[in-house]
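This is the structure, below, for whatever I ask next.
Labels run A, B, C and D following the written order; every chain starts at residue 1.
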Amino acid sequence: MDYSSFLQMKEEFSLLAVMVFLLVYDIFASEKALRYFQPIALVLFAAHTLLNCVPREAFEVAGGMFQYVPMQTYVKTILNVGTLIVLLQAHKFLNEDTNRIKRGEFYFLTFSTLLGMYFMISAGNFLMFFIGLETASIPMATLVAFDKYNKKSAEAGAKYILSAVFASSISLFGMSLIYGTTGTLYFNDIAVLFTGTPLQLLAFVLFSVGLFFKISLVPFHLWTPDVYEGAQTNITSYLSVISKGAAVFVLFTLLVKVFVHIIADWQPILYGLAVVSITVANLFAIRQQNLKRFLAFSSISQAGYILLAIISGTALGMASLVYFVLVYMFSNLAAFGVISVIEQKSKKILMSDYNGLYQTNPKLSFVMMIALFSLAGIPPFAGFFSKFFIFSAAVQQGFYVLVFIALLNTIISLYYYLLVVKAMFINANETPIETVTSDVPAKISFVLCTVGILVVGLISTIYSQIAVFSFGI
Amino acid sequence: MNFLSLFVLIPALMMMGLFVSKNRKQIQFVMATGAILLVIMSAAVTYMYLTERAAGNLATMLFTADTVWYAPFNIHYSVGIDGISVAMLLLSSIIVFTGVFASWKIDPLPKEFFLWYSLLSIGVYGFFISVDLFTMFMYYEIALIPMYLLIGVWGSGKKEYGAMKLTLMLMGGSALLLVGILGIYYQSGATSMNILEICKTNIPIQAQYYLFPLTFMGFGVLGAMFPFHTWSPDGHASAPTAVSMLHAGVLMKLGGYGCFRVAIYLMPQAAHELSWIFLILTGISVVYGAFSAIVQTDLKYINAYSSVSHCGLVLFAILMLNQTAMTGAVMQMLSHGLMTALFFALIGMIYGRTHTRLITEMGGLMKIIPFFGVSYVIAGLASLGLPSLSGFVAEMTIFVGSFQETDTFHRVLTIVACTSIVITAVYILRVVGKILYGAVQDKHHEHLDPATWYERLSVVTLIVAIFAVGSAPFWISSMISDSVMPVITQLAK
Amino acid sequence: MQYTLLIVLLPLISFIVLGLMDSKWKPQVAGIIGATVLGIITLLSYITAFEYFSFHKINGVYEKLIPMHVEWIRFTQYLHIDLGILLDPISVMMLVVITTVSLMVNIYSLSYMHGEKGFQRYYAFLSLFTFSMLGLVVATNIFQMYLFWELVGVSSYLLIGFYYTKPSAVAASKKAFIVTRFADLGFLVGILFLSFYTKTFDFGVLTSGNASVFASTTGVSFMGLSVMSWAMGLIFIGGAGKSAMFPLHIWLPDAMEGPTPVSALIHAATMVVAGVYLVARLFPVYEVYAPDVLHGIAYVGAFTSLFAAVIACVQTDIKRVLAFSTISQIGFMMVALGVSGYGSHEGLGYMASMFHLFTHAMFKALLFLGAGSVIHAVHSNEMNHMGGLRKYMPITNWTFLIACLAIAGIPPFSGFFSKDEILSACYEFSPYMGGVMTFIAGLTAFYMFRLYFNIFWGKEHKHAHTPHESPFAMAFPLVFLACVTVVAGFIPFGHFVTSDLANYDIHLDYTVAGISVGVAILSIALATIMYRKESEVPKKLATTFAGLHKAASSRFYVDEVYIFITKKIIFNLISTPIAWFDRHIIDATMDGFGGVTQWTSSRIKSFQSGQVQQYAYVFLLGTLFIAALVYFIH
Amino acid sequence: MGDLFINFFSNPVPMEAYLGVSLIMFFAGVYGFLSRKSLLMILVSIELMLNAADINFVVFNRYLYPGQMEGFFFTLFAIAIAACETAVAIAIIINIYRNLTSVEVGELDEMKE
C-alpha cells in the first residue's frame, strides 16, 4: 500500500506537528524558555494557518475515508483564524499565575479538538467521521471543565460530557442502523444505497440529532447556555464559533452528499428546526442578564439562521453558509473577546454591570457594538451581507414563509442586541467598570475582528472566492 | 465609481475626519465643510441633470454607473438619478446642512453625535442614488440604526422607549421589505437586481399579489402609514433636534420614494388591483393624523402627527397612479421635508430656551424671541398650504392629480383627503395662538436668549428653500413630472 | 398695458422690504414708504381705468386684455396654473376700488396707528394684503384666484391678530382663518370638479360661452347631483365663506378685533366682497350651467341680508353693527347676482351688484374710518360710552352722516342709485324678493341711524378727557370718501360694467325708487324718534319682544352652534377619541407585540431547568418528534 | 410461530434476537440516563447505550455483510472512544465531587433559565 498519499493531508499533519512540538516544548523547555511558550505557539499556529490557506485539487486518501475538496480549505482556514483569535484573547488569561502551569494543556487540548474537526470535515466514511467528532468533543469537555476550582466550570463540564455522550450514543446507534441498511460506511456508497426506506429514515433521524446537538438547535440546545456560562469565556467563544462552524459545514456536506435522496424528508425537518430554534432562542435571549448566557442563546438563534442556508441545498446555499460562518466567527469572537477582557479585569459579567461602559472603555464598547450590530445583521457590517445571502439562498428555493418568519425574528434579536448597546451607551451608571487595558495579543484580536466585520461584507472578493468552490445538490 | 458616489463618500470622509479631530472646533469644521460640500454637490448635480435633459437625453436614469459587486446574486453597485432622486438629493443636502448647524453646540459627545449623524446621511444619500434593489435596501438599513443611538443618547424624555420602538418598528418594515425584494428578484427571473432591468421583465401576477403588499407595507412603515405610524410620535418626540429634522425631513421620504420606485414601478398590475386597500389606509392616515394632532399638547407630538398626515398624503397620491398625483407626491415629499425640518429645528431651539415643549406652559413667545416666532408662523403657514410656500404647490398638485380618477371611490377619498387642509389649519393655528401669542405664561420665559448665528443660518436656509419651492415650482415640478413618466408607462402596460 | 404689472408687484416689494427691515427702520419711514407705494399704484390704477375704459372698446363691447401672463406650474396636459393679469371691466373697477380704499387706509393709519408697537409690521401686512387682493382681482384663471384667495385669507388673519397679545384678537383671527379655510375647501373641491370636466382653469375659456368646453359635463352626475351643480355650488361655498354669507358669517363680527382701518379695508370694502367678485367672475357659467345654484345664491343672499340686518339693530358695539351691516349689504350684492340674467336688461342685477359693490366699498370704508375716528377719540367701541359727539367731532359727524344717508338709500347719495338698481332687479325676479329686499333696506336705514344717533346725538357720556376731532391724516380720508360717496351715484355705471360687456343705460324705475326712498325715510324717522333723544321706546320694544331681542343680541346663537361643533364634536367627539384610540389601541397593539413576546419568554423559562436529565428528556422527545414528523411526511 | 420455533433451535441465535438485546440495552441505557440520581450510574447507562450500538455494528456485519470487516472495526474504535469518554467523564465527576462533595446529578443546577 502506498502510504505516500497520506502526505496529502497537509493541514492535519501540519497541525499535528505544531501540537507535538508544543507538547515537547512545554515538557522539556527550561523555565526561562517557557516564557516564550505562548508567543511561539501563536506564531507557529499563525504560520500553520497561512501555510494551509490555499485550496488544492480535490483528492481522496485511504480509499475514500478521507475526502478532500477545495472548499474544506476555506472552512479549515476560517476555523484556524477563529482559533487564532481565541488564543490571542486567551493570552492574558493563560499568563495568570494560577493558569500558567496549565497553558500547555490548553493549547494541546484546543488543537486536539481542532484536529478532530479537521477529520470530521474531511471524512469520507462514518468511522472517520465518528472519530473526528469524538476527537473534537472529548477534549472539549476537559476544556469546559478547565477551571477546576470553579464550581460552575465543573458543573458545565459534567453537563457537557453527559449531554455530548448521550447525543453521540444516539447518533452512534443511528450510524449502526445506517450500516445495517446499506452495508457500507463510505459516504459515496451510502449516497447511492440510501433511498429512504423507513428504517433508513429512522437511522437518519437518530444519526442527525447528534449533529443537531453539536450545532445546538432547539430542542437539542438545552446544554448550551449552561455550558457557555460555566466554561471559561475564551473556551465558550471557541465552543460557540469553531465547534459550531465545523458542525454546520459537516451537516451541509452530509445532507447533500450522503442523504441527497431523501431531501424531501430532511427539508421539512430543517424547516421546523430553523423556525423553532430561532424563535425559542430569541425568546430566551431577551430575558438573559448574564452576557455569556445571552450570547449562548444568540448563537442558538444564529444556528437557526444557518439552517436557512443549508435547507436550500444549493451551491449558493453552501457558499452563503461558509460565508455566514466566517462573518459569524468575527462577530461572535469580537463580542466574546470584549466580555473576556472585561471579565478578567473586573469579574463582571452581567448586563447591568455594563451600564455606562462607554464612558470608561469607549474602544471596547465600540467593538462590542459593531459585533452586536453585525450579529443583528445591520449594514454596513458584514453580518448584514451574510444574512442577506442566506435569506436569498432560501428564497431562491421558494422558502418565502420561512424567510419571513426568520425576518420577524430579527426584530426580536435586534431588540436584545440593542439592550446591550443601550446598557453601554445610554444607561447611566455612577460606577461604571473601570478602564480596562488589554494586552497586545488581545488588541490584535480586536483589530482582526473589527477589520473582519467591516471589510468582509464590503469586499465581495471574499464571497466570490468562496463561491468558486461551493457545491450543492 | 462615478461622481454620484461622492454623495456617499463625502459623509464617509466626514466620519474619518471626525475620528481624527481633537476638539469641538475641528469637529465643527469637518461637519461644516462636509455639509457645504454636499450642498454644492447637489446643486451641481441638479444643474448637470437639467442640462443633460435639456440636451435631449431621455434615458430613465442619468449618470448611471454599474459595477458588479456580488456576482453570484447578481448584485451590482449601480447608481443613477432621475428628476425625483435629484429633488430628494437636494432635500437631503439642505437638511443635512441645516441639521449640522441646528446641532452646532450639541452636548455631550459631539464627536460621536456627528459620527452617527454622518452615517445616517450615508444611508439617506445612498438610498437616493441607488438603482439596485440590494444597495437600496442596504442603505435603507444603514439609515435605521444610527437613529437608535442618536435618540437614545442625545434624546430627551422617554428616549429609550422611543428609540427602541422606532428602531424595532422600522426593522419590522424592513423585514417585510426584504422578503418583498428577494421575491421580486427571483420571481422576475431577471439577471440583475437592477431596477431598470427588473422592470423589463414581467413578474407573474400571482406573485405580485403578495409581493406588492409586502413591499408597499415595508416602505409604508417608514412612510408612517396607518396603522404602522406609532413609532413616529414617540420617536420624534424623544429625538434630538437634528435627528428629528433628518428623520422626518428625509428618512420618512425613503418610504414614499421606495413605494414609488420599487412597489409600483416593478409591480404595476398589482398596483392597479390592490391600490384600493392602501388608498383607504393612507386616506385614514391623512385625516387621522390631522385629527390626532389637534388635541396633542406636546409640540413634537403635534408635529409628528402632522407628519403622519402629510406623509400619508404622499403615499395617497402615489397610489392614485397618475402622473400629476405622483408628481404631487414627490413635491409633497420635498415640501414636507423642508417644512417639517424647519418645525423640528424651531421646536428644538425653543425647547432649548424654555425647557418645555408643552403648549400649555408657553405663551407670548412672539414678543420675547421674535425670530423664532416669525419663523414658526412661516413654518405653520407652509404646513397649512399657504400659496408661495412649498406646501401649497405640492398639495394642489396632489389634489388636482387625484381628481383625475373619475370613479366615486377615488373621488370621495380625494375629497376626504382635501379636508385635511382645514384640519391642518386648526391645529397649526391652535399652536401658534397658544405659544406665540397671548400673554407670557412662565416668568422664566420673559428673558430668553435671542437666536444665535448658527440657529439663524439653519432656520433661514430652510425658509428660503421653502419659499423657493413654493414661489417658483415650475422647473422642479416639470423635472419631477418628466421622471414620473417611466412609471406611468409601466402602469399603462 | 404692461405697467399694470407694477400695480401688483409694487405692494409685494413693499411688503418684502418692510417685512425684512421690520424694526430696523423708524415707524414713520415704514408708514411713508407704504403710503407712497399705495399712492403710486392708485395713480397707476386710475390711469389703467382711464385707458381701459376709453380705448379698449371694440364695437361697443369691452375687450378682455391679458397684458401679462406666465405659466407657474403645470399639472396635466390641460391644467396649469398661470399667473397673469386679466383686465376686464370688473377687474379694472376692482383695481380702482382696492387701491383707493387702501390708499385712504394707509394715510389714515399713519395717524391712527401712531405709536403702536409693531407699526412697521402693520404696514408690511397692509402691503401684503393689498398685493394679494390685487392679485386676486386680476387673476386670469380660477386657480390663480384661489392662490391669492388664500393669501388674502392669511393677510386678513395676520391683521386681525395684529394685537397678538390680546387673547380675543388671537381667537378672532384664528376663527376667521379657519372658517374661511373651511369654505375654501369647498372652493377647492369646486375648482377640482369644474376643471376636471372643462379641462381648463382659464376664465377666458370658461366664460367665453363656448359650449364645447362644457360638453363633457352633460349628463355626468356625482352622488346624485350633476357635476356642474356640485362644482358651482362648491365654488360658491368658497365665496360665501369670504363674503360672510350665512352660516359662514360668524368670523366677520369677531374680525372687528383687528385695528379699525383694517376693518375698513379688508372687512368692509375689499376682501369680503371677494365672494361677490368670484360669482360675478364666473357669472356666465352660473347663469347657463348652474341656474339652480344661482337661484340658491339669491336665497342665501337674501336670508343672510335679513338675518344680519336684524342682528345689526340690537348690537351695541359700533364696529359690530357695521360688521353686520356689511354682511347685510353683501347679501344685497349676492341677491342681485342671483336674480340676474345675462344680457343688457336681463343683466341688470349683475350690473347693480357691481355698482353696489363699488358704492358700498366707498361708504362702508367711510363708515369704518369714521367709527375709527370716534373710537380713537373715546377709546371705546361701545355705543353707551358715546353720544353727543357731534359737537366735538364735526368732520367725523358730517362725513358719517353722508355715509349713513348713502347706505340708507337716500338720493342723491351713491347708495341710493346702486340699491335702487338691485331692488328693480329683485322686483323683476319676483315681487316677493323685491318686497323682502325693500324691507331689509328699511331695516338698514333704521339701524344705521340708530347707530348714528347713538354716537353723535343722544345723551352725552362723561369722558375722561374731552373728545377731539381727529388730525388731518385721519380727516382727509373721511372727507375724500365722503366726496366720492356724494358723487359716485352719478357715474353712468352701466357704461362700464355689464354682464355682456356692452353698454347699458341706467334708468331709474320711479316706482321702485319711490317705494324704497319712502321706506328709508320712514325708517329714519322711526330711528330719529327712538334714538335722537333719550327715550323709553327702545327699552319697551326690547321687553315686548324679549325673546327676539335676546336672540338677536346673541346673534341668533350661531356662534354657540359653532362652538358646539368645534369644541364638543370635533375636539371632544372626534379628535380626543382618535388620539385616545391611537395611543391605547393602535400603539398599545404595537407595544402588545413586545409584551406578548416578553410574556411568552417568561412562560417557557422553565424548560431551561438546569437539570441535565431533563435536557436529555427533551432531547429524546425532540428526536421522537422528528421521527414522527418524517414518518408522517413520508 | 412454528417456523420461528424451529429456526430458533436450528440457527442457534437469529439476528433479530441480537438486535432485540441491543435495543433493550439501548433503552435501558436511556431510561437509566433519565432516571438515575448518581452521576456514576448515569455514566454506566451511557455505556449501555454505546455498547448497544456496538452490538448492532457487529451483528449487522456478521449476519448481513459477512464478507467485510467494517462493522467490526467500527466497534473496536467505538469501544476505544467510549473508554476515553468514560475516563474524561470520571475525571470530571471527581472534580464535581471535589467542588460539591456530592455526585448527585440533581445538584448540578446552579446555572439555569
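Following the convention adopted for this analysis, a residue touches a chain if its C-beta (ideal position, glycine included) is under 8 Å from a C-beta of that chain, and two chains touch if they have at least 3 such contacts.
Keep in mind it's a predicted model, so treat the numbers as computed, not measured.
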Shortest path length from chain A to chain D (each step joins two touching chains): 1
Chain ID, smallest distance between chain and overall C-alpha centroids: B
Comparison of B-C and A-C (more C-beta pairs in contact): B-C
For chain A paired with chain C, centre-to-centre distance based on mean C-alpha positions, whole Å: 77
Rounded Å distance, chain B centre to chain C centre (Cα mean): 36
Interchain centroid distance [CA atoms averaged], chain A/chain B, Å: 42
Chain B and chain D: spacing of chain centres that average the CA atoms, whole Å: 66
Where chain A touches two or more other chains at once, by residue number: 158-159, 162, 166, 170, 225-226, 287, 415
Multi-partner residues of chain D (at least 2 other chains): 33, 42, 108, 110-113
Sequence positions of chain C contacting 2 or more other chains: 594, 605, 608, 610, 612, 616
All chain pairs that touch each other: A-B, A-C, A-D, B-C, C-D
Residues of chain B touching chain C in the complex: 165, 168-169, 226-227, 229-231, 233-234, 288, 291-292, 294-296, 323-324, 327, 364, 366-367, 381, 384-388, 392-393, 396-397, 399-401, 403-404, 406, 408, 411, 414-415, 418-419, 421-422, 425-426, 429-430, 433, 436-439, 473-474, 477-478, 481
Residue ranges of chain A touching chain B (in the complex, touch as defined): 316, 319, 373, 378-380, 384-385, 388-389, 391-392, 395-396, 400, 403-404, 407-408, 410-411, 414-415, 418, 421-422, 425-426, 460, 463-464, 467
Chain C to chain A touching residues, read off their complex: 594, 597-598, 600-602, 604-605, 607-608, 610, 612, 614-616, 618-619, 621-623, 625-627, 629-631, 633-634
In the complex with chain D, residue positions of chain A that touch it: 126-127, 130-131, 134, 138, 141-142, 145, 148-152, 154-159, 161-162, 165-166, 169-170, 172-173, 175-177, 179-180, 183-185, 225-226, 229-230, 287, 293
Interfacial residue positions of chain C with respect to chain D in the complex: 605-606, 608-613, 616-617, 620
